[in-house]
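As structure tokens, here come the structures.
Both complexes below contain chain A, partnered by chain B and then by chain C.
== the complex of A and B ==
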């Protein structure tokens, strides 16, 4: 029972209260999040969120509990995770949302546009999986810095805004040499720190512009300040860090930015190696799925096993479910509408379970035939664990 | 002894890094009130968490493994944990 050993180990590294929470809930082995039983008051800037559905790692990192989020594709704003690299700006920046300005550079007619002006250029809605690069960090065995996210630094969200390609067209098209789209966040920086050391500025390949939008709406609400309002860059299929909040500048640049968060941060490298610009950047997401129900002991008989699956920047084509830790697999079906290739798809397998111990996990395949791996190769910073081994849950059916 | 190591950790927290820890972090015992990174009094991090964060950085927090020795990182971690636990 290698898998069972791994899972027990994983909740042993949580706080003492984790063990208590698991005991209290009668859970025998699912990868329950740390601090589940603690009630911490949410900070002011996210006080409107549903504290019962969230785990607070720090004031700037809130994880959605596994099993929250429901099965209707879209994650409610009150439950969407928070990972702010810098403190949320003052509420005053959303007092007059249409007045927020963004400078567009590296086009033939560079200009500063207000949100009000952007709203007149075009509107498009896109559903995307928003996922933190570190989602699943807590499943790695090596010592990693940062929040020990399990599955809940992810959600599926409908964004509305103006397509970046339309803004570029409006401003005379791309100037020569625009290899990267570089977005800069409008957070206030502290004194005594070099700007490039701390600024949230991310470059992605310029092709990402074809799907990107400058969004002012999130799931039908005005973009909450905590999620980047008044204006956020949305890069479908890319990790959360590239979806720059409070975006004040979008520049088509010849090189990637030399800001630390790009040059040495968010780089995939072997354990023990420093970050450097020649290593892969956390850009396109990879195929991934996990079960969100059941997570605890169940009655024998019919059990609805469900979860979410996505292909990153490709559509997810197939999801299989295993009840025996990967020995055998059965095809699951998708629940609900297909919201496009950047969205996730909830899946379902109905099973008739006899009493016993089960190791339940899922395995997704994308449209290119990439299959979610059994295990994820360790990387220094513990980015995106997508192996179905440790994403499994242990359930006792009585 | 232990007290010396904690004093060393405190000194490194206050002056041993560029930028200094307190520019971004609040830590009552050290008298710092930075508001960029997590408030360490509220966070009550484990030694493992401080060690990893100082060594490797987190998000926009820089990695200090080039400018601090493992012993110095350990001293900061011990100090922060010792003054933030209930």
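== the complex of A and C ==
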């Protein structure tokens, strides 16, 4: 959906001053250790995660620290962020993973299939960036509700499951009028609340089916319950919210669902404006990158500057690094294997740094020539800040 | 070293009967659940591993079950096999990872570098198959000492670290006469034993340096102590033994080390013959594949047959699957992203199976046209069985 991208590009602050960038960068660099110190004990349902690598905003929202994640392309499951709209279902749903059922509708031969049956239809593996719509919210200056994510509500993951297009083919193909692929989560809904106000149900354009998989595996392990096991809808290139967990229904529908999470939630809109179905939905991700090293003061001499870059729903083609807050740029190189257009790529620039103050940031370009902007204009919910100004880090070299 | 490959090819049993193949396959398929039942409590140093996915041969040798590992290309750290020649060093060596020292010798400016310093020289990420020389030993019919590995002393891993060639360049380049790259492990040696009889020190041809890295990261996580952290030599395409753990010295030497593990150990030799330096060393791996699903009886109808395939030190180009013990073959397709020439690739063949007995096996071909053989002639130590006959699984479809 180009509308979302154009909409956001229109929001750019063209006049962000370097001073502003430095100040914002200072917040990132300096507040980082403070955030780390606040780490609390992990809740039971994610007790297997690596607490040292995470920042816990709430019981349902955990972010990977900016310096975690390494340079190995994939993000270990223990470090992948958590953002659950509803509490995780009971562990009993992963006791017999193959028995989990998903109803497939809007096809010529609608059926309920078990995971065991899905495993017999086909297998595909795809690496994708999983990124929360609100990743970077903490960089906006306007007041926003929700977790103040910095860079860590994102990871790069290898998923394995059945291609949705193969399931559709198996069930006689799409019925007429299937404009959207609508996935429903299997969370237990609290009582006394209108279902459509609370249910996790998301629609994406039906063509997203071409790359989507119903996944039971995450980085080679059974899909953890906390990440949507036994079965999760993976829509490569789309924001995390569209990757519905514990998916119990996939329907090809004429209209988008009227669930609140779709109708008014996850809409890009000016500050102060209510959410509505005619606003761009948080579907395809946009080009983005950030530095993950160094984040702190450094000794002079040679410094390895690295981070991650991705194109959203397109391959990332180029990354540049600036040491002076965007005054000048140098081409970085990519590290390691290319896991495909939906994955991120670690990048590297080796620099010789004299003593002094640096504002280090990165700027990615996707294969269509879209360049990561200097700044991102405020939107009401503080979605996906991708401006290279505030993603910068301030480093003093001594 | 072509010698090793030619040597082993010369060992092929050309006359292995199909009946023999079926019998051997039966051992694999049927004994699998029995092995699984024998799983014991994991030793402390690998207590973080996934016991359900492992077979424990001894405290120092743990194998991944054939059905574990999934289809996501990489093997999760929790499932990667363990084969330690000596007990793991004390955990104190990973308390300050950046302080670990490695001495670099046989360069023009020899020096001892810390991991912290290495991290400033360069960064590269490479996916490799890590495979024990003895993987498949259990398929040989002759008596062999050592763990009776089946398929699971192997995994595919993303490593991140500094390219050895950059370290060499940093230290003024190779000194004259550096024919071999000799790496020494930092294990504490038991007292009262001749050092060269016990030390883990391995030489590989110096040109292996071109792809080698000194790695501090394994699948995005800090290198676990049990896998060689803080620092491990990774020699892509070479058997596990050459990927020296807790590496404390890398020397470019004129001769191979005279340590027993090199001079007489890990040599390919006829049964009953003593190990000697003129025999082929377990260096580059050979083309290999095996099916990981199905391993058990199956219902009739469509069955997804999958497994893993690799070319050793060359890319794998093709995999064929046979349902009749090698009488006929069908081309399989690869699943997911290609992580490079040293990685394995999951493969898939979808088959419609009528009720009956099947002997399912796979046969890989590397980019040089080397084809995985029908059988592997016995060698004294039972190294790397790669014959598609005994790697087969017997499946009854009802």
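Things worth noting here:
Going forward, the second predicted complex is superposed on the first by the 364 of 398 C-alpha atoms of A that agree within 3 Å, B and C clash if a C-alpha of one lies under 4 Å from a C-alpha of the other, contacts with A are read in each partner's own complex, and residues count from 1 in each chain.
Quick note on the criterion: contacts are C-beta pairs under 8 Å (C-beta built on N, C-alpha and C of every residue); 3 or more make two chains touch, one makes a residue touch a chain.
These numbers were taken from a predicted model, which means no experiment stands behind them.
Contacts of A:100 after superposition: neither chain B nor chain C is touched.
Looking at the shared chain after the overlay, A:79 reaches chain C, while chain B stays out of its contact range.
When the two complexes are overlaid on their common chain A, residue A:261 makes contact with chain B while staying clear of chain C. In the superposition on chain A, contact of A:143 is made with chain B only, not with chain C. Contacts of A:197 after superposition: chain B is touched, whereas chain C is not reached. Between chain B and chain C, it is C that contacts the larger number of residues in chain A. After overlaying the two complexes on the shared chain, residue contacts for A:290 are found with neither chain B nor chain C. Shared contact residues of chain A with chain B and chain C: none.
Interface residues of chain B, counted against chain A in their complex, comprise 19-20, 23-24, 34-39, 42-43, 48-49, 51-53, 55-60, 62-63, 65-66. Every residue of chain A that touches chain B in the complex is listed here, in rising order: 58-60, 83, 85-87, 143-146, 190-194, 197-200, 260-261, 264-265, 274-275, 380-381. Considering their complex, residues 50, 69-79, 119-127, 158-160, 217-222, 301-304, 306, 335-340, 343, 346, 348, 350 of chain C touch chain A.
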